[in-house]
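Heads up, the next two complexes both have chain A, just with different partners, chain B and then chain C.
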Partner chain A sequence: MLTLPQSYVDEMIAHAREDVPNECCGIIAADGAGAAAKLYRALNAEASPYRYNVDPKDLLRIYRDIDDNDWDVMVIYHSHTHTEAYPSPTDTRLAAWPDAYYVIVSLEDDATPVVRAFTITDGEVTEEELAVS
Partner chain B sequence: MAEVRVTSTLRTLVGAKAVNGDGGTVGAVLADLESRYPGFKAQISGDDGELHRFVNVYVNDEDIRYLQALDTPVGDDDVVSILPALAGGAG
Partner chain C sequence: MKVTVYIPTPFRQMTGNRASIEVPGETIAEVLDNLDQQFPGVHDLIYSAQHKIPAHINIYVNNQEISALNGDATALASGDQVAIIPAISGGAGDDDSSTASAAAGGALTAEQVTRYSRHIIMPQVGSAGQRKILGSKVLMVGAGGLGSPVALYLALAGVGTLGIVDFDVVDLTNLQRQILHQNDDIGRPKVDSAKETLNAYNPDVNVVTHEAPLTSDNAMEIIGQYDIVVNGADNFPARYLVNDACVFLKKPLVDGSILLFEGQATVYKPGAGCYRCLFPAPPPPGLVPSCAEAGVLGALCGLVGSIQASETLKLILGIGDSLNGRLLIVDALGMDMRLLRLRRDPNCVVCGDNPTVTELIDYDAFCGGASTGANAAAQVGA
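Let's look at the complex of A and B:
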């Protein structure tokens, strides 16, 4: 189960809305106790409504900050602007972080964003419960 | 020897956040790690030896795509970082 404070969920939705028509992406780090410690908005190098790829320099910047704090990558989030909050074949094929939760924010119904969490290991998608604290 | 920082699946393979790698270029350092951690290169490159597109390798602050790729020189005081891309999308 993934537990996130409401403020983190709100921030992911706000980021998704601000980056429309493109997909947004970002990372949430967890501290040693597994609690959310910081949300990093990442630069989508693809700047595309259909793809995301965290800009490699931005990824290094974020990862170093996480590492310097002895945190871990807990959540990798991105938005789907016109499709449901479920990993696409592209998401599944490119998922390289089996220890992280993949969170997808869907703006398919703009008035009612949907946020769901998954783990993706060796191409297998498992939905995980998302608890908002 | 250069410090090689790894994460995710590679961290599990080597059992640490950072290991030392021996070699004068990125390619040589990766070959050294493969010799000590079999399967290391298969995680980040294809059968042709080229790095996967969705793997980022850096020497210090620079992405090696913009340096000399696997031929990028590595000195003893350099830090090599390997990060899988964060990528995907609806389309």
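Let's look at the complex of A and C:
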């Protein structure tokens, strides 16, 4: 189960809305106890409504910061602007972080964003419960 | 010269949980090779089956991503900081036309793992082998008796790009054996019917249709787009044309033919003999009948076609002993199989030591005229 404070969920939705029509992406780090420690908005190098790719330089910066703090990459989030909050074949194929939660914010229904969490290991998608604290 | 390589947490299981490692090397490629020496398995994690660094791995030299530098040939200086971080990417996707080809370098999707599980669980295939199949490009010459079972099994196996060249339309006499086509397809171009059938079985496969006769004008261009060619041609000019083009383009050719109750199959690998080593000249016109003239047992197509499909998959996977250098002769009436040894002929006019045919010729004229040294054992049917 993934537990995130309401403020983190709100921040992901806000980021998704700001980046419309493109997909947004970012990373949430967790401390040693598994509690959310920081949300990093990342630059989508693809700047595309259909693809995201955390800009390599931005990724290195964020990753170094997380590692220097002895945190872990807990959540990798991105938005789907016109499809449901479920990993697409592209998401599944490119998922290279088996220990992270993949969180997808769907703006399919603009008025009621949907946020769901998954793990993706060796091409297999498992939905994880998302608890908001 | 040594550089420091920074390993992120997803990869630290490979390095005994060490975050940074001193590795010798003049270039990124050397550093990665040396890293693999120290920690076997790193190579498989970082390189794709095609030995390329896939887009989902970012490698940095002093905070610069190497795709902005010189790729894995990027030169290093002593004390440089190298970092390897899996990319974070994905997206809803605008279409999935790239799925099969991209899968060659990346992970299999959940659906692919399930679909191909009976192949993947075999140690000779595995997920690495399945990715090779998904990344392969095979050209099927003919969508008839042999082309049907070959294309069907290759499509089911997940061959990523399957080209089909045929200019015929489906007619009623085809339906006794050509399992790509059905009653409702009569009158349709065979390539259209074939593509529809193959994609109904496996939408993963990119079926590329070439609705034209293969000729000396287009053969090099069409065959050049593929890794392996499978022969299901039904006439001698096409067989010599495909053979010669494969020799010139250095493409392996998986050959097969059928007539009456008898079939033949073999594999010609570049530099190891060709169809002309076995049959230097076509038989005189009329000596060897075609299937239309003499008939063919429909089920024989499945027998020989499955052998061709098996040989093709073995070539893609690089496993087993290929039929290269051996001609398999199947007699369905006596249900007997024989293997004949084949040797490359050093005097062969296309693949011999001093070839005299170095470009495609007029094959209708070649097969239509009187010939010497004709071999009536050659089969033409498909």
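In this section, the second predicted complex is superposed on the first by the 133 of 133 C-alpha atoms of A that agree within 3 Å, B and C clash if a C-alpha of one lies under 4 Å from a C-alpha of the other, contacts with A are read in each partner's own complex, and residues count from 1 in each chain.
Simple rule for what comes next: contacts are C-beta pairs under 8 Å (C-beta built on N, C-alpha and C of every residue); 3 or more make two chains touch, one makes a residue touch a chain.
Since we're looking at a predicted model, the values are computed, not measured.
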Touched partner set for A:V54, first chain B, second chain C, both or neither: both
Which of chain B and chain C A:D99 touches, first, second, both or neither: both
Contacts of A:A42 with chain B and chain C, given as first, second, both or neither: both
First (chain B), second (chain C), both or neither touched by A:E124: second
Touching partner for A:T81 - first (chain B), second (chain C), both, neither: both
Partner chain in contact with A:E23 - chain B first, chain C second, else both or neither: both
First (chain B), second (chain C), both or neither touched by A:D67: both
Common ground on chain A, meaning residues reached by chain C in one complex and by chain B in the other: 23, 25, 27, 42, 46, 48-54, 56-57, 59-60, 63, 67, 73, 76, 78, 80-83, 87-88, 90-92, 94-99, 102
List of chain B residues in touch with chain A within their complex: 5, 7-9, 17, 54-56, 58, 61, 63, 65, 81, 83-91
Complex contacts: residues of chain A adjacent to chain B: 23, 25, 27, 42, 46, 48-54, 56-57, 59-60, 63, 67, 73, 76, 78, 80-83, 87-88, 90-92, 94-100, 102
Contacting residues of chain A [partner chain C, same complex]: 23, 25, 27, 42, 46, 48-54, 56-57, 59-60, 63, 67, 72-73, 76, 78, 80-83, 87-99, 102, 122-125
Of chain C, residues touching chain A in the complex: 8-10, 19, 56-58, 60, 63, 65, 67, 83, 85-94, 96, 99, 102-103, 106-113
